[in-house]
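The next part holds the structures, each set out as structure tokens.
What follows is a pair of complexes built around chain A, which joins chain B in one and chain C in the other.
Coming up: the complex of A and B.
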């Protein structure tokens, strides 16, 4: 049984057309996924639907055999799925430590919060160094680390990352990717949307190609990387630019 | 010199009460993006409640704060859940809040006018005319109590926002509503609580208004203009800004009244607002882009 199932979901914004058009996808525990596809394919929309930010127009999201029927984002989070959006979204006027503390907003046991914070500080020593600095004054890469650290504070089963390397210098992006690898090692199921498809697929176990609101192909990430058709249709640009953002 | 300092003392006392009035308004905008044109009418309504509690039951205005705060908190939460939840997520949400609160303001004003008529009222507690003397300086007792209690309420709010779980949720929602949802803050609940706090502050403010500033139902329009000016000056949604703006404009208008003439007070107030906004369009503590 899949950990997370997206069944026949249609979704869109406001009165606009459907962005997701009957999309179905199964996510297995302990596997990492990289979702690729052209702009407008519905990658970010899919993550927003799963996280509860965008209620689907039809279809359902099922987690551990329980359907989320219009669950709010805080309820989705409480069940163990967290979402790190594209813009990193740290709280600019809160210190690093406060940003992390609020990451565990749903956890009431202070000793658990403390343990988790230590784990985050182990993973990201830079956050420990800057614990009292305001989130808004950190560099893009540090804010991304803070966003990842904050997501870890909830101790999630599934972590969804929307373009974690967006706007970061290649070297910093590399650092973020190796951190994501460490998160996988912690047993967290990663579902990632990545513009830098080659990098993302190298990192992930399973590749999912989205196009026009449905899953066009899926398979082991390395076979997707090697598939000449997919390379031509969806990876052409990324391969051409040598995998830099 | 003595005179300037004396006037500054008056200005600070005035500014302390303004700060209480304005902080509730800025909280509603900061957390819920509600431009609450009814904030001042809540204060006036609370002033009426204080006035009649004093006249009929002999309850001191400052004591009335004890029941006004919980009462207005409950009213605020009720109003939020009844009206504002319906317009959540509307594409013109902020504009809708302006219309909605405008309507609420007119309705409450009408009810107050119908029930209590349009005559001026002022509670007359014994300390209204008392004063403390500090060297050469006069500190009016009623204003001092109001400013000190306002300060205590503002500090309590600050501690609440800083150190409680709900407080964290409120601050997170003010800084980034989407991210707050993503860390598990139930923004609707937090919004209802914040609106309750905002109206609770209006309730406490009404106790002070009842004896410091003579009132009648229509008066609230004058107040809301002044309070919006304070909030815009401080930066929409910034609590620090509202407090700083209130103190600055309180002192500035007192100085102008003293040095130039009473008629110039309100004008100086808005002139200072224009001046500051020319230099800092986002207000003293505002963020560059408030969506």
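Coming up: the complex of A and C.
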């Protein structure tokens, strides 16, 4: 049984048309997923639906065999799915430490919070160094690390990342990607949307191609990378040169 | 001190204490507070030594009341960023809850002040449930609407005296000491609201409110129960305003709808908190003292013209020009805040 199942979901914004049109996807524990697809395919919308920020119009999201049925974001988070949104995922006027504390908001046990903060500081020594600095005064890469660190504070089973490399210099993006690899090693199931499709697919175990609100293809990430049709349609010229960075 | 706020955010009581009582400057801060408190406690007993005793005590009582109001307002408006212009409603509800039993049954407001506070909390919960469905300007307008609604309702209930209100008997003690009980009551309200504000600032709840002020959606995604927190903040910020209202009406010996339910009183709380520093513990206190002092100065210098309003306006503009985050907020950002004012 899959860890997380999206069953036949329709979703859209306001009175607008459906962005997701009967989308179904199964997410297995311990596998990392990279979702790619053209603009408007519904990648970010899918993550918003799973995280509870956007209630689906029909269909359901099932996590560990329990359907969410319109759960609020904090309830989704409490169940072990966290979401790192595309930009500005940190609180700029709070210190690094406060940002991390907010991340563990749902955890009551202080010693557990302390342990997790230690783990985050081990993973990102720069955050320990800057513990008292305001989040907004750090560089883009550091803020992204803080965003990942904050997400880790809830000790999630599934971590959803919306374009983790957006707006970062290539070397910094590389750093973030290697951090994501470490998160995988920690046993966290990663579901990531990535503009830099080639990088994302190289990192992930499983590739999912979204187009016009449904899953167009899915398969092992290297197969997706090598598939000439997909290369032509969704990966563009970047494939040959090994990356757009 | 700022860097320790995450720890103090309800995680480690030991750290809170470490913040509250560090070596050096911290000790002087508590020294200042202790001296101030003892001085205030002794003030009403100074009758034999001060010529302008009544005036001094009355002015101090007034200052303490505004400290209580501004500090309370700050719990919602400062920490969570929701600007309420309806907080005068709680003052009025507290005032009437104490005035009615006094007028009809002779029950002393010193006994019912707490009930006034609790009634304000109950109203805060209900009003919060409704008004906090909105954000930003819509929220501000809905709180003003709340105020006018209460003005209308109270003016039309004969039992409450309608537009004329209710006259109240004076406290049955010697004229010489008439001012003292109100002074002590307002002192309790002021200290109580500062302590409440401090507790909120140093709790997980307070951290959640600050997250809401920064970005409500992000706070929600982080797991902060935003709606619940906002309503609780609204209710908490009503309590000491209600208590102060009960005392205020009694001290004036009458209650009347237009005395309490005015935007001017609400706006004064906002003004004080903003000038002193929204979202800080000490800010509203400093703002209240400053504005009360300036008002009093202009009243004694220029008589009861409206010139004090002009001066307040000029003060607001000037302060915000040089202290965009309020006095305490800006001084802290520039690391110039004297330790005895750093209560966060």
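The working rule: the second predicted complex is superposed on the first by the 238 of 245 C-alpha atoms of A that agree within 3 Å, B and C clash if a C-alpha of one lies under 4 Å from a C-alpha of the other, contacts with A are read in each partner's own complex, and residues count from 1 in each chain.
To be clear about the criterion, contacts are C-beta pairs under 8 Å (C-beta built on N, C-alpha and C of every residue); 3 or more make two chains touch, one makes a residue touch a chain.
The structure presented is a predicted model; accordingly, all values stated were derived computationally and were not measured.
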Does the chain A-based superposition show chain B and chain C clashing or fitting?
-> clash
Considering only the touch criterion stated at the top, classify A:74 as touching first (chain B), second (chain C), both, or neither.
-> both
Examine A:92 and indicate which partner it touches, taking first as chain B and second as chain C; both and neither are also allowed.
-> both
Looking at the overlay, what does A:14 touch: chain B (first), chain C (second), both, or neither?
-> first
Could you say whether A:131 touches chain B, chain C, both of them, or neither, answering first, second, both or neither?
-> second
Thinking of the overlay built on chain A, is A:105 touched by chain B (first), by chain C (second), by both, or by neither?
-> both
Identify the partner contact of A:113: answer first if only chain B is touched, second if only chain C is, both if each is, neither if none is.
-> second
Could you tell me if A:181 is touching chain B, chain C, both of them or neither one (first, second, both, neither)?
-> neither
Which holds for A:57: it touches chain B only (first), chain C only (second), both, or neither?
-> neither
Taking the contacts chain A makes with chain B in one complex and with chain C in the other, which residues are shared?
-> 51, 53, 72-74, 77-78, 83, 85, 89, 91-94, 98, 101-103, 105-106, 150, 154
What residues of chain B sit close enough to touch chain A in their complex?
-> 91, 165, 168-169, 171-172, 175-176, 178-186
Touching residues (chain side chain A, partner chain C) in the complex | 51, 53, 72-74, 77-78, 83, 85, 88-89, 91-95, 97-98, 100-103, 105-106, 110, 113-114, 131-132, 150, 154
Within the complex, chain A is touched by chain C residues 2-7, 9, 11-12, 204, 207-208, 210-211, 214-215, 217-225
Chain A contacts chain B in the complex at 14, 51, 53, 72-74, 77-78, 82-85, 89-94, 98, 101-103, 105-106, 108, 150, 154
